[in-house]
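Multiple structures follow.
Paired with chain B in one complex and with chain C in the other, chain A is shared by the two complexes that follow.
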Partner chain A sequence: MTLLEVRNVHLAIGGVELIRDLSFSIDTAQRLGLIGESGSGKSLAALAIMGLLPYRSTVSGSIRLSDQELVGLDERRYSKLRGDRIAMIFQEPMTSLNPLMRIGKQIGEVLRIHEGLSRPASYAQATALLERVGFDQPAQQARAFPHQLSGGQRQRVMIAMAIACNPDIVLADEPTTALDVTVQAQVLDLLAELTSEHGCALMLISHDLAVVANVCDHIQVMYGGAIVESATTSELTHFAEHPYTRALLATSRGLDDLDNESFGQLPTIAGTVPQAGQFPPGCTYRGRCERESYQCQTPPVVTGTTHQVRCWHPYGSSSEGA
Partner chain B sequence: MQVADLGPTIIARRRSITYQHELRRFLIRRVTTLVVTLFLASLTVFWVLNILPGKPAQVILGTQATPSAVAALTAKLGLDRPLVDQYLHWIHGLITLHLGNSYISGQPIAPVIGSALEVTGPLVVGGLLVGVAIAAPLGIASALRHTRRSGVILSGIAQIGIAIPNFVLGILLIIIFAVDLKALPASGFITWSTSITGALRSLVLPAVSLGLVEGAILARYVRASIIEVLHADFLRTARAKGLRPNQALLRHGLRNASIPVLTVLGLELSGLIIGAVVIEAVFTLPGLGSLLLSSVENRDLITVQDIVMLVATAVLLVNTAVDILYRVIDPRMGLRS
Partner chain C sequence: MENPSYASAPLFQLRQVSHLYGGRHRSVLALDNINLKVDPGERIGIVGESGSGKSTLARLLVALVKPSGGEILFRGQPLPTKREALLDFRRQVQIVFQDPFASLDPRLTIGQSIAEPIHALGIREDVPSRVLELLEAVGLAPSSNALYPHQLSGGQRQRVSIARALAPRPTTLVADEAVSALDVSVRAQVLNVIARLVQELGLTLVFISHDMSVVRHISSRVVVLYRGAIVEDNKTEVVFTNPQHPYTRALLAAIPRLR
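What follows is the complex of A and B.
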């Protein structure tokens, strides 16, 4: 059943168009991965769903949660959904928590807002949540201030906050990027485990294909403010059709090869991501693409049903080599 | 199981013991610093005032006085004794609150300063309250609207407030409220013992002219720190939890924003004391400022010395209080340094 549906969303900040024609949907309890380089618009997509876009942003199109339209929803009703039905985990655990408030109180606050719990009851619940996200002395650690915790612990606090009210969907924006590699996997596992426990959908945003592939059942690749390819995880990793997806895959496979004997150059994607609003007309990947032709000056149309790709010259399903 | 359960409790208790221990050490260190600074301040004040040209006895007796008369008066005032003696005598007096006798009138200084403080104390506190009462709403309102035109207008108003010197504002207020509207007295002071409302009425205009300018300056700092907090990640987190923008600012923003404002507030207090000297002159109030000015004119150095030391003590005490308040507000500011 479709839980969240994003249809033809265009987003501009200060007149610069940063997301063009974004459409996708997430089913109940689905785990969707959104990958792309910085500047591809993936974080903005999450903020648009949360209704927490920066000043001077304009959104058009439609974002529906179940049967509730979110675009243009008034602040009072939107804030009732945030934290309760849609929750978000941000990239920077260092700055995302209030430095002057004990973490138990910060977690408890969500429950006080949405479930009307009293201060002591919410605090007790927060302690229980801390235990669930793996704190070994929750009663004591609830009294800690954010600066007394490690990055991984802070991100666990963020997860506890996000799942506190059993939301329908959690949007996680690069939740492990700021963490040590050793704790990345733990935090991801925890996130996946806790969301699936309650049939909660997860949208995981990352620039790291490997991270997303481990957790998600479906992956969407974003480039230049649009989704260029969308497929199930195994389909996308094995039979990528868009040249950009292939390039991304090649870079992460290049890292794996380093473990073997081929100590060569790391594969990279030619060129750099253009600045916001400076993407070429037509296909946004134009200029960096190895398959570019005159046809790419007109915007490509999306083809395919379960495996969708936005390209004039996609690689054929499995016949052509990478 | 029992033992395992006890673990955290013991640790928690030990933590709170170390916290109290650290708190005590912090307070001791802070008070020691205060005392040392006060000592250095007293040395400076004493030294500066004693190298000033113009012997008090000469000034008192006039240019026609004979050298022997001057010497006699100098001896009588105790000014012929070694400087160290004079200093120790003065310090001893300060500590025991016997501030000595005026060179000019021969009367004890303590009661004179005491009655001047009855004017200046309420004036400075009133000025501070007026300042905060203006700065907080003006700063917050202009921060919340900083992307809109109304916010620009609000900070423009604050800018004008900064540009007006407080004595000009004082004269303006006298013209409007005392001369035209005849609502409040233009000058003078009715003592507290005569009439409390009378005393308050005579302090309203001075406190407002003192506070408006300080409030305008403070408003800019309030605005800047609120804007910074509005862009903070944790405020976005607060909104993502379901708090509406104003709730998020109230519960998560104000305390964070108050930290830099507190610094400025502490610094501004010395500005207020200096401002009070000028304002007292404008409103002819018998406060510390007027006393200081007349004492300087009369070379009543001992009174000047006492007043300057008093002001220095007040400023240092406020700084210490601000320093301790930081620790109360911000847990990140450990107690160690």
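What follows is the complex of A and C.
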């Protein structure tokens, strides 16, 4: 069943168009990965869903959570949804926690606001949540301030806050990018486990294809504010059709490739992501693409049903060019 | 080994080096009795998680901090403390830090940032042409010279940090998590720049990272740090095919891979 549906969303900040024609949907309990380089618009897409866009932003199109339209929703109603039905985990757990509030109280806050729990009840529930996210001495650790915790522990606190009210969907924006690899693996496992326990959908945003592929069952690739390819994880990692997805896969595999000469040159993507508002008209990947033609000056249309690609010259779904 | 000859001496030798942070009441032992030898021309990778002492080791190697215990020899001599000798040391050993947003002065142009060590270390040379040469070496356009850090992307800023570190023509480069803050695709570009320059200039490289796959690619020898101690030290292929310490195995198992 479709839980969240994003339809033809265009978003501009200060007149600069940053998201163009974004359309996708997430089913109940689905795990969707959203990947792309810095500047592709993936974090903005999450903020648009959360209704946390900066001033001077204009949004058109439709974002529906179940039967409720979120575009243009007033702040009072939005704040009732946030933390209750949609929750978000940010990249930097140091700046997204209140440094002056003990973590038990901080987790309890969301329960007091949305579930109307009393202070002692919310605190007890917060302690239980800390145990769920893997704190071994929850009663004592609930009294800690954020600075007394490690990066991994802080991100566990963020997860505890996100799942506190059993939301329908958790948006996780680069939740493990600031963490070490070992801690990253633990935090991702925890996120996957806790969301599936509650039948909660997960949208995982990352620049790291390998991270997303290990957690999500469906992956969308974003570039220049639009989704350029969307498919199931195994389809996308084995039969990518968009030249940009292929390039991303090659850079991700570069370091894992044991045949790759040690200390040799790694595969990269030619050029750099243009600055906001400076993407070329037509296909936004123009100028970096190996398959570019005159046709790419007009915006490509999306083709395919379960495996969608926005490109005039996609690679065939066979092994062509692999 | 008293007075070893200049040529045969290891580049760095650490003998029972310990480092303690903090005061009388609470202190943290960041490095505990480290013994390490780095030969000229080696590419050594140092891995470990946050808090394992990696960055402390980097700071000790470039003489930004003094060890609380033990001694560090550079070409057979103790690390300098006097100004003149320290300047000479800094012409030979340079560092690239993790965060390209925090390690460049926002008020200096890219050209000024790259030229700063040339002036500070008292090197006589035609600065403008050297800056252009360095920009080209790291793959930045000559026009970047006049830009400010906020006008560049993370990857471009890290290229500037590399150009700045190479400005005094060092023989040794210490990279402390130099690619950790970058996107996967940009990371590959910056790694390529480092690999190419290390090869072209014949640098000794100490590459510090928490990412095992990056370390495997860039280094010929791997040192694994865990809670301030060296738990494994071997050739890269040995560490990756036959890891001895359980912590090394855990690090290897945690690498996210595309199947």
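Assume the second predicted complex is superposed on the first by the 315 of 322 C-alpha atoms of A that agree within 3 Å, B and C clash if a C-alpha of one lies under 4 Å from a C-alpha of the other, contacts with A are read in each partner's own complex, and residues count from 1 in each chain.
Quick note on the criterion: contacts are C-beta pairs under 8 Å (C-beta built on N, C-alpha and C of every residue); 3 or more make two chains touch, one makes a residue touch a chain.
Please read all numbers here as calculations on a predicted model, not as lab measurements.
Visitor: For A:187, select first, second, both or neither according to whether it touches chain B, chain C, the two together, or no partner.
Guide: Neither partner.
Visitor: Touch test for A:213: chain B only (first), chain C only (second), both, or neither?
Guide: second
Visitor: Touching A:150, do we find chain B (first), chain C (second), both, or neither?
Guide: It touches chain C, and chain B stays clear.
Visitor: Check the residue A:49 against both partner chains and state whether it touches chain B (first), chain C (second), both, or neither.
Guide: neither
Visitor: So in the superposed three-chain picture, is A:22 touching just chain B, just chain C, both, or none of them (first/second/both/neither)?
Guide: neither
Visitor: Let me test your reading of the model: by the given contact rule, A:273 touches which partner, first (chain B), second (chain C), both or neither?
Guide: In the superposition, A:273 contacts chain C only.
Visitor: If we count contacts the way the header does, which residues on chain C are in touch with chain A in the complex?
Guide: Contact set of chain C toward chain A: 43, 49-51, 153-156, 183-186, 188-189, 191-192, 195-196, 199, 210-214, 216-218, 220, 236, 250-251, 253-259.
Visitor: Hey, which residues of chain B end up touching chain A in the complex?
Guide: Interface residues on chain B, with respect to chain A: 7-8, 11-12, 147, 232-234, 236-245, 251-252, 255-256, 329-332.
Visitor: Using the touch definition from the top, list the residues of chain A that touch chain C in their complex.
Guide: 37-39, 150-151, 180-185, 207-211, 213-214, 237, 247-249, 251-256, 260, 262-269, 272-273
Visitor: So in the complex, which bits of chain A are touching chain B?
Guide: Contacts found on chain A: 50, 52, 55-56, 75-76, 79-84, 87-88, 90, 92, 95-101, 109-110, 113-114, 137, 139-140, 145, 147, 158, 161.
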